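Presented below are the structures under discussion, each in the form of structure tokens.
Look at the two complexes coming up: chain A is in both, with chain B in one and chain C in the other.
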Partner chain A sequence: MLRRCLLSGTVLWLTAAAPASAFMAYVSNEKGNTVSVIDTDSWTVTKTIKVGQRPRGIEFSRDGKFVMVAVGDDDTIQVIDAKKQEVVDTLPSGPDPELFTQDAAGKIMYVANENDNTVTVIDLEKRARIGDVQVGVEPEGMTISPDGKILINTSETTNMAHFIDTSTRQIVANVLVDARPRFAEFKHDGSELWVSSEIGGTVSIVDPVKHVVTGKVTFNIPGLRSEAIQPVGIGMTKDDKTAFVALGPANRIAVVDAVNHKVIKYLLVGQRVWHMAFTPDEKYLLVTNGVSNDVSVIDVAAQKVIKTIQVGELPWGVTIAPQ
Partner chain B sequence: MSSITVTPSRRGFSFGEYLTCLNGIVWREALRFLHQRERFVSALVRPLVWLFIFAAGFRQVLGISIIPPYETYILYEVYIAPGLMAMIQLFNGMQSSLSMVYDREMGNMRTLLVSPLPRGYLLFCKLLAGTAVSLLQVYAFLVIAWLWDITPPPIDYLTVLPALVLSGLMLGALGMLISSGIKQLENFAGVMNFVIFPMFFASSALYPLWRVQEGSPMLYYVCQFNPFTHAVELIRFALYGQINWISLGVVAGCTAVFMIGAILAYDPSRGLARRGPAGGET
Partner chain C sequence: MVRWLVAAIGLIAMAMPVRATEPIEIGIGYLGRAGVQQTLSLVEQPAENDGIAGARLAVEDNNTTGKFLNQRFNLEEARLKEGEDAAKAATALADRNGFIIADLPPDALLQAADALRDRGTVLLNAGAIDDRLREQDCRANVIHVAPTRSMLADALAQYLVWKQWKRWFLVVGSHEKDKLYADALRRAATRFGAKIVQEKIFEDTGGARRTDSGVTLIQRQMPVFTQQIPAYDVLVAADESEVFASYLPYRTWDPRPVAGSAGLVPTSWDAAQDQWGAVQIQNRFVKLNSRRMTALDMQAWTAARMIGEAASRTNSGDPKKLLAFLKGPDFSVAAFKGTRLTLRDWNLQLRQPILLVDGRMVVSVSPQEGFLHQVSELDTLGVDRPETKCKLQ
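Coming up: the complex of A and B.
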């Protein structure tokens, strides 16, 4: 009996002492031309990978084996082997690729080419360009509907969210939103599309079936000029109840009740917060602070910033390995 | 009619007798505090005015630097909270010393000093009582600050306690030392101008020292030598479960020096208290 108690005690102790499952976060540093790798257990940068010029959009492949990073000034997308942690290949995009997204199976990639007003379609298995879609001026935000049927692209200068049918690769609808839409995100149930407008200072809620703006999330931070509030990246929890919106030079992340579209609170992070990524267990949210050269870690349940980690120069995008 | 029994003086006292004395002094201080509700309210209002009004206007003071013990960017309100906690203790320490001057003028001091227990012990008990009162005020402040989104991890409300006790003792001992030199209650205004304000403003309570260094290197060194800076930093680190060893050393050392100074000063046979013809003592 005593031995069993001791044994179970040891097991318990070992379980408690074992580190939480670590994830690897990859951060693109726009000016440093590097990608910083962060261990989410120790919250330290474990490696800095040299990549092409002006890396911005960054995303893991669906199988978790590769990290793709859009290097805008090299007009291509580089592929990093997550095991070797080095660039192993490139993908053919248009000029100045910025943000991209993949279909659920991870076979097709859609890239917004900022200088070409096009979205490039890439076959990830063949690693070949298989088509282009003409969109508005300065395309940037990219997301795909949960059912995979509709691709969304936002064009910064045209101020529109373009709805593209993924089977025909034709625009089926354009929705006018506030000035300089930079990012788009679907709710996981596909009921709403959220589009952030950097200059407009709002997030538009779009009905993806009727193609109309049904509501707007507005922000007001006491003591800050409204011009400083520039919504960019959006992160939606899996239950679609809470959204996090990066507010750029306001140096805040807005925590938004995704049901009634009201801001719950603002979290102070570093300067010019851009984009964000959840850990797969959704315990933490990592956000990139472009001007202060660091990444802040938010405890999602507590809605608190718990740490800020120095990375490379002008961190922009972040992606975390799927489980 | 009550009769007075004179106990012949003896060398040693039992632990229980020491405890009775401590209990008596702490209880008197607690009663005095509880009966002076205005004092409690004003002790709370002072830091809250700083927190609600001053902090709102000075948000940009903090800049963008992450300084230990913080691990991320913080709002100015969060930064000044430990400074305001120390401010409560500073004012409380000075208020206790004010009450000692008052006691001396009114003659109540005689009741205390007539005790056969060692004078140093009596003063230490008085110091503990004052510190206990300051703890009540600080924790009441922390409760209100929590509603203002100053929310350190729950366990750190405990880890900050030893730091608060030590800083409370240091500031109380300083107040006691000062009070020994004040002959009349009216002179107490000088304490405000010459002790409280310089100590508070030339410290890290309101602005991080790297900011002070940018503005004036001279002031930076003044702040570094100010024991109040170390009381603030000791509380700041403890509030986040960490120990600032340098501040701990400075605060512990200053507590000992001020305490010894106060004991010596209150010794009528050689201290400062003998010099003044204060009301109660004469």
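Coming up: the complex of A and C.
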């Protein structure tokens, strides 16, 4: 009893002593059916939350109060209360949700449903499905333009980025990219859309006004076959100068000059690196390593891997609380 | 706001001519073989629509993409009747289709290919695994989507060697294709360092594959057939004719695993494959066809998707243009195998990982780690460029 008191006392003291810069990162573990919570001050897993089957896409609500995680094999999105650190609600996502995005106000959520070629539109306040958009085969990557007017969805077997007008929910353009586009990310100034192609092995740079591919980021790692380079997650710094691209089974993160689209260097991380998230102060970038069951921490300014944290089985997505 | 307007006007301008024209029609013929082979296992008995069901799904997928590109794909099915001339059937299909996906025996495939040679029709071989079609009998108008026997044998051999099961007892059926498979397995053993400690022929003496008297007799035959063999690690069976291999697991004299035509089987696809996003296509396939997806279904799906991929990349339905793209350096296709699939330019064989399956699960995927190659690790499977006998013309 005394020991337990002492222990919990220590925990309390630790929590109180943690500096204000500590953030909470939530990592979805695809095989483990859990979400690991990482304290970015101590770089330790402080809690493991049980969730539904096959958690993948994960994102904080805009107000920072909730974490939403797509549990594909349960055909729903679960809502985790960030304070209680437990699942408190579910959203009507449509079948097999994988990735999703929210509008700037945090009122509308758009979900890619891999199984029926649709993007589902959800009203987050009413917790209700309010529309669908028919897209290409196997919708996956989702993002919204900085002005909120255009929703991007990538379809993996159709090999396109679909531009969807968020007011009319109609497709206004389709841009063909390389094989199996998995993730899309705008520059913060809205001047470029980056789309990663896992099987094609490239990142396409798309002009969001003209709807054409204007360039491609290509990767070449000495000693590695080109087939092993499979770009997935993309992270762009707020100044739009540097991008980080996860290269899957190449076990590396490419650091890319976002202005001239050339690779600056490759950072060796864990096995089959998937997705990533910056801390809000942009000091650190956390990346999930699917096969080695860990998360690598990258010092953004130094462009160096500084830490590896063990999480659950097959970590996939990561999100960090906004400030 | 101004930018938005400009974008909107640009869009309308772009959309107008597309709306105004008729879609590009792309015809795909599917030519299937006469009759379906009887299998020993009832659950492995192929469905009537084995193969074509995969092409149907791919055409649906192509059309979903096609609606954004103003392309429309059509599938026309024909099945050879017993004794029917393949050249004639293929020519009839070629009147309406620039592409033909073929599931034909090797000689029939060659007849069809030669009949279509001067028409510019592209044949995609989805069914025949014979190496000779990619070697001495290769044709410039035939793309091979099905893996070869040697690719399947190499995929199995790499895993068995990785597992340190290097002493093989090879049992070969008495039909021609069983012997061809045994040839491929012997070649694989030599390439990857396995040793065949003994070979035995299993004679096909006729008899039904389904009987009411059941397993009693088999249970007595198989242990006797497999006794007095020098020490071995794994029994490898070459029985494409479905005469005996499925009777071997759990019935060998010595307790040994079985591989090849039963037990651990190398294949291009399996209903249990769920890696690399495969659950999506498995679900789509079951929804459309109310059964699970076989290797032949996947080979036909991939063939039709290759046509779709070439059509979307070239923005064309012209078989000549599409064939040039497929043969060119920019072609690759995604087919839920964890890597891009490309064509070997010396014989138009699709490079692909091979699954090793036990009927319930995917046990492994070859090429295995550590089998290296200067161009593509996928070229550690099958006959490589320096050994090829193919002269495309």
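Simple rule for what comes next: the second predicted complex is superposed on the first by the 303 of 323 C-alpha atoms of A that agree within 3 Å, B and C clash if a C-alpha of one lies under 4 Å from a C-alpha of the other, contacts with A are read in each partner's own complex, and residues count from 1 in each chain.
In this text, a contact is a pair of C-beta atoms (placed from the backbone, for glycine too) under 8 Å apart; a residue touches a chain by one contact, two chains touch by 3 or more.
Just so we're clear, the structure is a prediction, and the values are computed from it rather than from any experiment.
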| item | value |
| --- | --- |
| Fit-or-clash call for chain B and chain C when the two complexes are aligned on chain A | fit |
| Partner chain in contact with A:A173 - chain B first, chain C second, else both or neither | second |
| Contacts of A:E59 with chain B and chain C, given as first, second, both or neither | neither |
| Which of chain B and chain C A:E185 touches, first, second, both or neither | neither |
| Touched partner set for A:K307, first chain B, second chain C, both or neither | first |
| First, second, both or neither for A:S296, with chain B first and chain C second | first |
| Smallest separation of CA atoms, chain C relative to chain B, angstrom | 10 |
| Overlapping contact positions on chain A, where the chain C interface meets the chain B interface | none |
| Touch list for chain B against partner chain A, complex | 56, 59, 64, 66, 71-75, 151 |
| Touching residues (chain side chain C, partner chain A) in the complex | 3-4, 6-7, 10-11, 14, 61, 64-65, 68-69, 277, 280-281, 283-284, 305, 309, 312-313, 332-334, 338-340, 376-378 |
| Interface residues, chain A side, partner chain C - complex | 96, 114-115, 117, 136-138, 149, 155-160, 162, 171-174, 176, 179-180, 198-201, 209-211, 225, 227-228, 249 |
| Complex contact set, residues of chain A against chain B | 222-223, 251, 268-271, 292, 296-297, 304-308 |
